[in-house]
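Letters A, B and C name the chains as they come in the text, with residue numbers starting at 1 for each one.
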Amino acid sequence: MTTVTLTNLRRVFSDDFVAVDDMSLFIADGEFLTLLGPSGCGKSTTLRMIAGLDAPDAGDIAFDGKRMNDVPPGKRNVAMVFQSYALYPHMTVRRNLEYPLRKQGVSKAERSARGEAVSDLMQLRELLGRKPRQLSGGQQQRVALGRALIRNPSLFLFDEPLSNLDAKLRSYMRAELIQLHKRVGKTMIYVTHDQLEAMTMSDRVAIMDKGRLQQLGTPQEVYNRPSNLFVAAFIGAPTMNLIKGGVDGVGEEMAFRAGALHLAPPSTFAQRTGKLPQGAQVVLGVRPEDVLLYCGNLAAFVTLIEPVGHETIIFLDVLGHQIVARTDAQTRLRQGAAVNVAFRMENVHMFDAADGRRFA
Amino acid sequence: MSRGWIAIAKKTARSFGSWIVVLIISFPLFWMVVTALKPRVELLQIPPTIFPRHPTLGHFADLLLRTPFPVYFLNSTFVALGTTVVVLVVGTLGAHSLARFRYPGREWMARAVLFTYLLPHVVIVIPLYLLVAKLGIINTPFSLIFTYTAFALPFGLWLLRSFMSAIPPDLESAALVDGASRMEAFFDIILPLALPGILTTALFTFILAWNEYLYALVMVSKDLNKTLPVGVISLLTTGFDVDWSLLMAASVLMSLPLVILFGVLQKHLTRGFGTGGVKG
Amino acid sequence: MRLATKNSVLGIGLFLPALAFFLVLLAYPLAAAILLSFNNVDTLTLSSRYVGLANYWDVFADPEFLSALVNNFIYAVGTLTLQVVIGVAIALLLHREFYFRSLARGLILFPYMLSTVVAVLVWRWLFNDLYGFLNFALLGLGVVDKPVDWLGRMPNAFVSVIFVSTWKFFPFVVIAVLARLQSIPDYLYEAAIMDGASKWALFWDVTLPQLRSVLSVVILLRVIWDFKEFDMIYLLTGGGPGHGTETLPLMLYKLAFPLSQMGKASAIGVFMLVIMLLVIVPYFRFTDVGGEERTR
């Protein structure tokens, strides 16, 4: 039973760099939550503070409501898997696995038994006598996982554990970790910069940038309703198309104008955005899959074709704006071809150009 | 085919040339051993013989049975081992502090301590002598152990710190999360992985303590408490005739422990555990 | 924040023993030496009397001081130059592949590992006028027609001292340079060879610049240690003949122990310290000591 509550967490490094700024977050018991964001956004620092490896300068960390700020890492009943695996190089796999139990004072017999159980679980039986440098990357990862599992912690922390694996192994391990979570049922906090991992594995995603929480929600929520420009651009591959422009007209006659581009959102749109003044500067967001080809009346021509195998990414010039779209692999469009496009206006997003906040 | 022969011929010529230089430079050492093995009669022959015609261990026996040499040897062993132990304890703890902890004044103090490595020891011999006299440990091995520790620490700290800093911080973090206290992490993780640095520091400290002359001369004047360097030199100045055979035997025995230590530790100094546990 | 404080306290605690040694056995004596130089101390009663700069004036006025200072410089510069030249040459020699190379490298290290006492005894035996091997060899080769008095006459004694010092300390240069040589990448040489460089040019234009950083450190350390060298000279010649090989450390020792003039001896010590600081500080500014190489 472990919930994690972060309240107004703040961490400033010695050169006045604000790594984490006013982070507040509640993680439910048994939840798989991912801290997602680009390098330097503060996600690893937040994770380390939850582990107790780093101390916050302000704010509180609580497990099940109990304040943890001054509890040393060893006493928090947390397990952590590092990006570098951090296996003890001078110890065999068996001793690596058993180390947490030795620190807890578990008897030799029990240590041995649990060590064997975990090594069976992680398929490490034949490797027990080897040293880490004799193992492959995937094997080392399993040892790191085993070492985390063996102590039955109430909270699991993962710091980009899959970053050092090749693509194939990574997708395999993603599935393994999802299985693990289902089987173990404990709270897991996962840090990554890879949105695919975040989207496929998490119950909820916390997106961070520059030390601040940008949005918290399920993968579907952050994908379908990004709360600001940063999240909109970060989630989704290829990246959402963002067009800077101005509001033309008010209320139900509101339209969007950017250079030669003139769009009329459906009337429901105006209800969502609320009253925007004439000429307000906004950013329109359209996901590539919402760019429809061969229909509508926006004149475009193809600037680049990227066949990806199962589909084709098309780069278009739409009335002077660079737009990315997706289409099937069998498309007959070629570079320079002219085509009509339209945007699926029900799925269009609109953000404030000044602070990136979502209007609709 | 012929290229292979030319390469071997070149290497042989190079070996020949290099070894001639090495042997010339090492000649005094060879001469030391040879002199120790020659009977006195042969020693005073002109022209001198290169290899002893009738090698004898008599001088070693004389040295061990008829001079205080064994006592000097024991004193040196005690002082050198004692110093090494103290330096390793104080040094590893201090280096760990410098490498892994944050507190005000850390860099400043580290640099000050390192700077003393450049200090001419002869400048502080008088105050140290007076201090040691005041503490009442003059003429004891402890005066030397403390002094030598102070001399060896700056270099030892610097060396150990650089070894410890090279150990990936994630390893210590993992140990902490696994339930270790900071001191447990120190013993379980840091010390084993810093072993090459520890052995190097131990060797360097031992050599320093074993060979040091000036302070051993100043701090210990009672004959039976002397260390080897001072004791052996006093063998030189006693009596009218200088007994070179005895002195060379003493030189050989004095140097033997260092040679053995160096030979034994050499393998370990370069071996590490590899970074197999850490990727990236 | 309390966890962070606990850690800081532990950190300071771990460093305290080292700090204690430093303060009690290095910092305090250093300060005491400086203070001592302004006093006259009576060794029997250990009482001291403030005399201001009198010790310094006495020392500077003593002709023995000037000769010791000059000797110090000549000795330090002489042996340092030889150590570096020979050290680099031997390092180059030991860098190339040849049979039993590791054994050779071990042997070269010996002079440095020996006690100064052993080195002095061995060389005094070699220098012995009647039975010493050196005189035998030189007489035999016809280089001289009567035995040389290596340690009892000037300038022989000075040359001998420099020579033995070089023999004992040059391996330090060898180790440092050899380690650096082994990390110079081959492609630097390959590029130069393709540009038509001769063997000498390879050394001068490729090797030497790469050695600059390690040589800066080595020269700094050796100059400091050679300048303050006591054991070697004291045991080899005792400063003689007369004051011919007496350097500042020897003069300091003589004033302190047989003559019990602690104040004056400390004045010499402080003077040595000042000289060394005057050398070290500009040296740090001028060279790349501790800095990374710029060629890469």
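The rule we apply is simple: contacts are C-beta pairs under 8 Å (C-beta built on N, C-alpha and C of every residue); 3 or more make two chains touch, one makes a residue touch a chain.
Because the structure is predicted, anything quoted here is derived from the model rather than measured.
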Farthest from subunit C by Cα centre, which chain is it? Let me know. A
Could you tell me which chain's Cα centre is nearest to the average position of every protein Cα atom shown? B
What pair of chains is linked by the largest number of C-beta pairs in contact? B-C
Just curious, how far off is subunit C from subunit B if you go by their C-alpha centres, in Å? 17
Rounded to the nearest whole Å, what is the centre-to-centre distance of subunit A and subunit B, using the mean of the C-alpha atoms as each centre? 56
So the centre of each chain is just the mean of its C-alpha atoms; given that, what is the distance between subunit A and subunit C in Å? 60
At least two other chains touched by the same residue of subunit A: list those residues. 52, 72
Touching two or more other chains - residue numbers and ranges from subunit C: none
Contact residues on subunit B for subunit C in the complex? 11-12, 14-15, 17-19, 21-22, 25-26, 28-29, 31-32, 35, 43-44, 46-48, 89-91, 93-94, 96-98, 100-103, 106, 109, 112-113, 116, 118-128, 130-131, 146-147, 149-150, 153, 157, 182, 207, 210-211, 213-214, 218, 228-229, 232-233, 236, 244, 247-248, 250-251, 254-255, 258-259, 262-263, 266
Listed in rising order, the residues of subunit C that touch subunit B in the complex are 7-8, 10-15, 17-19, 21-22, 24-30, 32-33, 36, 46, 90, 93-94, 96-101, 104, 106-111, 113-119, 121-123, 125-126, 128, 130-131, 133, 136, 140, 167, 221, 224, 227-228, 230-231, 234-235, 249, 252-253, 256-257, 262, 265-266, 269-270, 272-273, 276, 280
Please output the residues of subunit C touching subunit A within their complex, sorted ascending. 1-4
Given the complex, residues on subunit B that touch subunit A span 168, 170-171, 173-181, 184, 188-189, 192-193, 273-280
Per the touch rule, the subunit A residues reaching subunit C in their complex are 52, 55-57, 69-72
